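All chains are identified by letter, namely A, B, C, D and E, in their written order; residue positions are counted from 1 within each chain.
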Amino acid sequence: MIRAAVVGARNAAPRGLLRSLALVVPPQLDAFVLPGMDVARARGLDVESAGLRPVATPRHAAVLLIVGELPESLWDAATVVYAQMARPRAIVALGGDGIGPLPGPDASAAMGQAGLEGAIERVRRLLRTGSWSQETEPFEAAALLPKRRTRRKKKKPAEPPAAERPSNDGTANDGAMHHGAMGGGADMGFMSMVRLTQHLPKGADGLPMERVQTPFGPFFPGLPSGLALTLWLDGDTVAQVEVASPVGSRKSDLSTGSGDLAERWSRRHPFAPAAYRRLVEAAAGGPPLDLGHVAALELERAASHLNWLADFGHLLGYAWLERHAAAWQRRLRTGCDLDRLAALEPKLLAVLQRVPRTPLLARRLTGVGVLDADELEGVGGPVARAAGLVRDARLDEPRYRSLGFEPVVRPEGDALARLSVRLDEIRRSVTLALAAYRAHGAAGAMGAARPEVERRSERPVEPGSGAVVDPPARAARIETPRGVAALQLRTNGDGAAEAVLETPSTAVLPLVEKLAVGQELADALVAISSLDLSPWEVVQ
Amino acid sequence: MSPLQQYALLFGMAVATVGFVAMLYLIARSFGRTVAEPAKDVPFTAGTLSRSPVWVRYHVRYYGFALLFLAFDMEMAYMYPWAVVYREVGMVALLDMGVFLAILFLGLVYGWSQAALRRQ
Amino acid sequence: MTLVAYLLLVFVGAYVVAVVEEWSTSGRLRPTAPLLHGLALLARESLTPRRHDRNLFEAGPTLLLVAAVLALVALPLAPGLLPVELATGALWLNAALVYVAVALLMAGWGPDGAYAMVGGFRFVGQFIGYAMLIVMPVTAVAMRAESLATIAVVESQAPLWNVLAQPLGFVLFLVAAMAVCFLPPFDQPVAAAELAGGVFGEYTGVRLVVVRLGRLVLVLTLALSVTVLFLGGWLGPWLPPAVWSLLKTLAVVLVMLSVGRYLPRLRTDWALEWGWKLGIPLALVNILWVGVVLLVGPA
Amino acid sequence: MIQVLFVVLFGAVAIWFAYKVFTTASMMRSALALLFSMTAVGAMFLALQAEFLGVLQIMMMASEMVVMALFMIMYMMNPGGLAAMEMTHQKRLSIAVAVVAGLLAVGAALFGGWPLATEAVAAPAGQTRELGLEIMERSMLVFETAGVTILVAMIATTALAIRRPA
Amino acid sequence: MSVLVVSLIVAAVLFAIGLYGALSQTNLVMIMMGVELMLAGAMLNVVAFWRYLHPEAYSGQMFVLVLMTVMALEMAVGFGVATARFRSRGSVEMEEAVELRG
């Protein structure tokens, strides 16, 4: 059943001119994507060809696109984002209705491009008829009301309490001009500016300035979705950083929950589902790594790196890179038949080769976010390999060695090195996947049919069989696109598991502060983005 | 048209543009008022409700450039009339302006050498 | 009459710029898209942030549009097609463009939002970087034309277009023109990924329409000014003068809008440093070059 | 007549914005009010048929006042004007002095008995040319002195404001 | 009233407002704004005199250019002083300058 109006309709009766104006729906609807474009891409969605134009702020968006199940920790933030959109506003939920306190979606569909396109079509129809309604009600939720506690904390200590005007939200003209000098009886007396500034920290140039506490996340377009940064800005320099990953999992949560662990975990990690599935299987005593696994894992690595590359291109304002990386990412994630990939490989290589030759790019990235080898305790993946450390779990795998695998290592440790390591790894991963595929000799589509691989190897887990009585904890390590993930797993009879997981992003998260503090905002964001950390796999 | 009429036309264009904008606002206003809702009027900060004011003393990092710009910019006041008569006056004009610009460039070089031309 | 014809052409021009911009970002040529987007935006709510500085918030986009329009009307499309014939047209162009920085400063400060404020101050920084690169090449053009009137500037290019007579000035002016319109790679103040829309992030509905319109007219103005100052304006064989002007302008628009797609965004302090340490000396060299050529060249 | 209308209109605008400079609590507004006051003065120059000077004033003052806004935001106690704050002293005296000075100037303007010139003002293009010749010929020394003054100011401001990195 | 007189009156009022600001404000930056307004009034005077008394004398226009330069340089040096003071004292209030001196 279709409602008469979108849930975020404007409050007016559609009459006359308005009725005809309502029929105008632009070819591309401006959309704000939750939790982020990176997740949408990783799910294989082509948002733009579905008729959406991703925008940077919900202010400009008409559609709130929610990709996948939104974790509960993001509900408040999603509520705020929705509340900040201008009406008429519509919600599209893909793959799951768990969208918390938000009003029910105007269109929902199963995950996938076809579902997205159908949902957008429905929203368009809905917008044509129901952009205006006389029965709109203000959207209210607990998350939107001012919290007294945090308010008081944020008040600047130096300001006299009497001077703080009551900030009644909603009155539009609050804080507009009021006459300090001419304001009759409001004589505040002389106030010392020296006292106001003497406690302030001084910058490198010796000027004591105030800092603005600015949240960057969890839905910031230039950062990984779900990463909640709070930056204290001193001008446009980052003076202080607070990092949180609300979407990460707690240690205690890992072992609880019902259902197939491998399935749940692969759903939890949008950027590397196959790697985590394989990790659980390996820890649960699954079959040894075969060539099919190698092909799937390497394709996933390439896709994950390309996804990052698209995000990085977006952050750098390098539209060409964003577009091409996103397209190649999609090709690798969805329905890429390896025969076709083999034919297309030269084109991908051409794109990859062009990136480092971009004018100004090397200059933009050199010396940004430098990490020395001795700061990288416990960090693996491209971040470590870009700082000259040969850390790669694939080196321990005979399968990889037989395929002639060699890790990519660069010594510089800056954002440029991380970029070139990942570019190289994309190339090598595709080559490895193709080599594994050829060696495997299997016919037909394989990259797309990863579920086939997975289904085949699911069998040995048999969580509910109860055949094994209290097996010893098993450990497994796997090289995910972001580095080594290690899992110790102890399954008991009823299928619940006791799991100890180490993920690469957990080790990388503390580096964020070090990279950002003291940097210009643009550099800080580039440095953070170049880490390619996935907040979803952080274990706290 | 006399110059004064030209200026009047310019002023008229400015007023007309403002009028056009006002007309757009009026049209948009006729479509109904904004629904007042909590948090809608708080500037977007990536999903977090940040209600603290940001109007504080802002650390402009390029004030070295700004200070030199204030002085250096004035050179243009002399260069425009000079450019118009340059051909007429000839060599003298080139030398005059050459000396003038050399003097100014000296100031720029001094600022450069004292690290004024960088992010502070 | 001239004014009406001119405004009509400008309106068409701005629309074409919008279509080209859509094409350069989405890769698809959709002639109706800007219109539909505009109408849909008009129908949306226009929010005002809490405790914003109302006057500045409202005046920012309006001033952007006014500045762009006032700069535009001093530029000729063809000999008879110039609404306001100022004797100091080239200077007037510079004067009007300064108010773009004022507009962005207002729009950045107005909403009391952190992203917008950082964006606004970044643009002022950018302005300090490009300001001299706008005025100095114009001076060199005026030297050749012996006048500040835009008509005289075009006429002075009859023997040789300025793009060939002073290529250095042309390059500097083109780059500065892109910086004025905060087009990529100079889009620091409005960067989507860095500041979530930055200066104009808080504008919605009809206010956003005005912002986008102002931006379009601004791009058109700068492209036309490049045409008039360096590409010989309406000069050209066979076709009517106004068509030449528009064709050249369209070509400049294409260049301005597409270059940024293939480059990473420049940091504000780089734009500043390069503008001052490289740009100003080069602009002075350009003036010297033009001066020497005018002295030794044919009268 | 256009001229009278413009002079009166922009005069009023200039005065109104000048008044706003010292009566608003927001420093950004204060700086921008000064900017628009200067712009209005530039428009008055145009109305007084000094085209080059008018456009130059509109341009130069806008760019300088934008920079001024930066420094206002940097160094004022309360740039947003969110807190009512007294920032004046000796107010009565200042008002008295200003009123007396203003009245004297107005009186001089009203009863000056100015001998109006008879010749018409030159066309704008001619003015720019004449000004150029003036700079190149009669006022050449003034012009070069201005250059030296600018140099001194640049050196002074750099020396004062810039702290060299250690 | 002739245009000249109107211009002179406007200039006088601008000057008076600037004078009030320069005298009454406690902050260095605001004092500079007052001085700017006074100079603007002076410039307006010069232009009006040039236009109505000596339209043939371009040294009048030249004088306006010099006044503009003075304004800009006043600002440049003034902000240089303000920066230096703010760095060393954390304040650009003039009263505090007196206080601190002893």
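Here is the rule we go by: a residue touches a chain if its C-beta (ideal position, glycine included) is under 8 Å from a C-beta of that chain, and two chains touch if they have at least 3 such contacts.
Since we're looking at a predicted model, the values are computed, not measured.
The minimum number of touch steps linking subunit A to subunit E comes to 1.
The minimum number of touch steps linking subunit B to subunit E comes to 1. For the pair subunit A and subunit D, the distance between C-alpha centroids works out to 51 Å. Averaging Cα coordinates per chain places subunit A and subunit C 36 Å apart.
Centroids of subunit C and subunit D (each the mean of its C-alpha atoms) stand 27 Å apart.
Along subunit B, residues 3, 31, 34-35, 40-42, 44-46, 50-51, 53-61, 63, 66-74, 76-78, 80, 83-86, 88, 93, 108, 119-120 each make contact with two or more other chains.
Shared interface positions of subunit D, defined as residues touching 2 or more other chains, are 3, 22, 26, 29, 47, 49, 51-52, 56, 60, 63-64, 67, 70-71, 73-77, 80-82, 87-89, 123-124, 127-128, 131, 133-135, 143, 146, 150, 153-154, 157-159, 161, 163, 165. Counting partners per residue, subunit C has 42-43, 45-48, 50-51, 53, 55, 86-88, 91, 109, 112, 114-115, 117, 121, 124, 128, 131, 147-148, 196-197, 201-202, 205, 268-269 as the residues that reach two or more other chains. Interchain contacts (touch definition given at top) occur between A-B, A-C, A-D, A-E, B-C, B-D, B-E, C-D, D-E.
Within the complex formed with subunit C, the residues of subunit D that make contact are 26, 28-29, 32, 35, 51-52, 55-56, 58-59, 62-63, 66-67, 69-70, 73, 80, 82, 123-125, 127-128.
In the complex of the two chains, the subunit A residues touching subunit C come out as 10, 18, 21-22, 24-28, 48, 53, 55-57, 59-60, 62, 86-88, 131, 167, 169-177, 212, 214, 220-222, 233, 235-236, 314-320, 323, 358-361, 364, 520-523, 525. Against subunit D, the residues of subunit A that register as touching in their complex are 159-160, 163-165, 175, 177-183, 186-191, 193, 196, 204-207, 209.
On the subunit C side of its complex with subunit A, the touching residues are 25-27, 30, 32-33, 36-37, 39-40, 42-48, 50-55, 112, 114-115, 117-118, 121-122, 184-185, 187-188, 191-194, 196-197, 201-205, 208, 260-269. Residues 3, 42-43, 45-51, 61-62, 65-66, 69-70, 73, 83-88, 91, 109, 111-117, 121, 124-125, 128-129, 131-132, 135-136, 139-140, 142-143, 146-148, 196-197, 201-202, 205-206, 209-210, 268-269, 272-273, 276-277, 280-281, 284, 287-288, 291-292, 294-295 of subunit C are the ones touching subunit B in the complex.
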